[in-house]
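Each of the next two complexes has chain A plus one more chain, namely chain B in the first and chain C in the second.
Then we have the complex of A and B:
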């Protein structure tokens, strides 16, 4: 066993342990802020596993997208909600936990079975390593040029839309006549859509 | 315009001096330029925007339509290294999309300004949706399809939530976003399976070749996933649950676009994916689509009977209309495809005409309840006439454009022995005539003293405000085409037939199915 493979093994074990323990923490800890931070740890260790697999571009993307964007967004959402409220006791909680645990275990066993019965082509294709980034670049500017350019329109529109929807313009008026406007549908509701149904079950929202 | 793309890189595949054929997307570029111009003009303030954005949009979309017309029957070459193909089918559907945006914009200025929401961004987002829909019509690889689908979808979510201070609009946007994201995820899963089957290719051609040799359960799964996405986009039952709520809560001009432009793009995607790729699963997807069509026609038209809101009624009616168009898709004959194209074009005019009337009515009265239309002919003959003609056309009453579209669909279905579909279509058309006529009856038959309070307090008709003239132009134009187009529909038939004739993919599918029939007989 060379020193390289030993290092690799140690890294793999350490990353896997962080990953599994972190994931368990995300699910089991009662405090949602801890869960969110642990989720970042999970994402980072997945990025580490990608690095071990010689996929440095995917690892970088993983860190940028999941840790940098998704996780920060989750934390923002948690901190914006920031509501201290005693949650109502859910009936039959133990049974629910056992049931969902059983479902997860079943899925895990299924995956394990697939893993053990599939005739894997070992060793797989040789990893490109550092060339991968170059190759992705070439693809983006040759056969995937059109979707790449269109994605920029998509992002521009998403950004503008988000600004329009989030902007707090309190005074709005009809530009042509100068009348005050309410930024609502012209068809005013006479039998309100939301009030037609009985008041919603609010416990559902709190559970989320 | 031919662009030579040269690449130099260590270990790069030999992609040097390949033709990009960027000219194929010239119409989309015109739309994109208009989009950016709208955003720039919007920087100068709301007043400048409301003055300059409309002409910019007309210019962009008009140029796009002219460029599309110039592309008609041009020699076919895949552009962007196989990401996009401007065959006649794509051109026809892109034309329908661009025209639907143009008409939707004509009827939206006054609506948007009246509600006090920014005009420039509205036009820009609608143009982005158009861009996505147009690319979707011609996209020929899985990545392009996904990105254009997302451009269309994300813009549609934004537009349906555009009246942000209205709870209904917010509800519509949230529902659309959640259901739409689920559909996008399902498509992505199906696409990843297809990608795996080809062994690392994303072009639809490679997918089609790979599907011919593989008949594993994975393929069936991929088919179901892809089909679900298409059904979601065209709002086929049982993937329709979002439609009524989104149509009721979205701004009405947006509904007009969603019901025509977005649906046309969905049908183009269906043709491209199902006819182009899943040729070896012809029988399977046709059975599935038969079920979807029967369910859509039945549920859409029957539930529409019970609606009290005009927008909601048109939502269910659009589900039913999508069911009719699916007959053409299931046939898989030359007539079937041509009837689809023709009906989409007819639907463009009659549906947008109806929406123009509804928007005009709600601008004047602030209501979209069907009972509020009672006795309208006394106060507003134009809306009464326009809405009556468009609804009659949607119902398929003879001299109108919709009748010829529908009869062509039924004829194609009957010729291909799809008796179940045609019979269900005929019965549900009769049902649909009932609810269309009941609106007309409400407007025309009621005595002046029976008129609704809204109509009794009807404001004086004036077209002087900015934004009313385009609305009137769109209304009159759509109603004229709907009314006269039926009698003079021969050019439309020719156009639809040449759209099918100029599309190698469809010709190939037709030839394959004919040879299969010959082998059986």
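Then we have the complex of A and C:
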């Protein structure tokens, strides 16, 4: 065994351990902020695995997109709404946990079976190394052009949806219920724009 | 099988990958060790940390110089004298600052989240230091000439907001949380025009590798530098780099009148020093990358081939190689510190923008301009391939 292969093995084991333990932590930890930070760790170890496979461009893109954009947005959302209070008790929580655990275990066993029965080609195709960047570009603009463009349409839809949801107050009526939206510049009541608007407390407005 | 990155740190003549036999430090180091009976792999393993350590030391020394410059230039701007008694002209003042931070009590607030509180500054500093991997000081004077070059820097710099959010959240303090959120919002907004400006340069040089980008600018000395072909891109990149480093006029995340000190509010001692170090290393790194992308990297304003030819010397002679290599390092550092000087001068002369102005400027002005710049560059590249890279 050469030093290079030992290094590779150590890196692989360390990355896999962080990946598996981190992913378990994302699902099992009760604190949602820890889950979100662990998710960043999981994404980073996936990027590390890509690096081990000599796919440096994919690894960098993984870091840029998943860690730098997706995970930061998740953290943003959590930190803007996090109220640090215990979640409401859900009826039949234990049963739900057992059922979802069973489904996950079944899926895991199935994948394990697939892993053991499939005749994997070892070693795989030779890595392209630095030429991969060029080849990815060629594929994106030739045979994968339609999926590439569809993905951009999907993102556009998500963006428009986000703007509509976030800027409900600029419309004169609520998008969903059609009721007149509260246009006051004073601090709003908790749920004036949602489905069941409570009767307006006009005394507050008069006081102000 | 992964190939260990070829860690070269050799003095070489810029513009040519040829290295004189006595000047390839790596091969002479490993062959010396092999004479002592070590295997080739073991000798290589012993060699690997040396360039990394050198670059790390260079980064930290760069920060010390930077702190001293900041103190002296701010003093000059405000018509003060600045540090004077610690060493000649106060050059030891940054050391005193560092030692003070080292010996300070390391306070973790009682209601803070200890683990995340400690991890936050580390996550801010590590990506910045990792990015030094791709900064070239000469043809072979970099840790690793990875093919994805500047893209690696952009990807790594996007990890930083997570560390800022983490420390802002873990401090359990409104100002810290707001500072962390602002830092992340600012970093995400300015990353996009930054990446588009880099993309225009990459398009001209047909490569993401920093070495190729510099080589593409080395044809006719100062006239072939990218700043003449990408003036708009240069300005966009510089503004975005300042915003990414959270320097004034964009230091909203730590605006002291509004947020005490933003995400750093609860930090003291070495943890605060990590933030401090991170922001200054980031500034030097950004200046170095501006030098690499737009100011010809290690290139001298006159091509060294002409100079060597005028003096009747062969560029392959060992002595000439040593001189040109040193000249390359000096030029890179000189250009970077010129930009650092401008950044410091900007910090002490400009007022801070408001958060809405900052976001408006990023999304409604810089982003469209960067897109137009990319389009124009693509058009010029197709119309004049000899001037804008074929």
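Here is the rule we use: the second predicted complex is superposed on the first by the 133 of 208 C-alpha atoms of A that agree within 3 Å, B and C clash if a C-alpha of one lies under 4 Å from a C-alpha of the other, contacts with A are read in each partner's own complex, and residues count from 1 in each chain.
Here is the rule we use: a residue touches a chain if its C-beta (ideal position, glycine included) is under 8 Å from a C-beta of that chain, and two chains touch if they have at least 3 such contacts.
Source: prediction; values computed, not measured.
In the superposition on chain A, contact of A:29 is made with neither chain B nor chain C.
Once the two complexes are overlaid on the shared chain, A:2 sits against chain C while remaining clear of chain B. Contacts of A:136 after superposition on the shared chain: neither chain B nor chain C is touched. When the shared chain is aligned, chain B comes close enough to touch A:144, but chain C does not.
When the shared chain is aligned, chain B comes close enough to touch A:161, but chain C does not.
In the superposed model, A:54 makes contact with chain C only, not with chain B. For chain A, the partner that touches more of its residues is B, with chain B and chain C as the two candidates.
In the superposed model, A:76 lies in contact with chain C only, and not with chain B. In the superposition on chain A, no residue of chain A contacts both chain B and chain C. The touching residues of chain B, when paired with chain A in their complex, are 5, 7, 9-13, 15, 18, 20, 25, 32, 35, 39, 46-47, 49-50, 80-84, 111, 113-119, 121, 124-125, 128, 131-132, 135, 139, 141, 143-144, 146-148, 150-151, 154-155, 157-158, 161-169, 171, 245, 248-249, 251-252, 311, 359, 362-363, 366-369, 465-467. Taken in their complex, chain A has these residues touching chain B: 131, 134-135, 137-138, 141-147, 150-151, 153-154, 156-158, 160-161, 164-165, 172-177, 180-190, 192-194.
By the touch criterion stated above, chain A contacts chain C in their complex at residues 2-5, 7-8, 33, 37, 40, 44, 51-52, 54, 56-57, 60-61, 63-64, 67-69, 71-72, 75-76, 79-80, 129-130, 133. Partner chain A is touched in their complex by these residues of chain C: 1-4, 41-42, 44-45, 116, 146-148, 151-152, 154-156, 158-159, 161-162, 165-166, 168-169, 177, 180-181, 184-185, 188, 191, 208.
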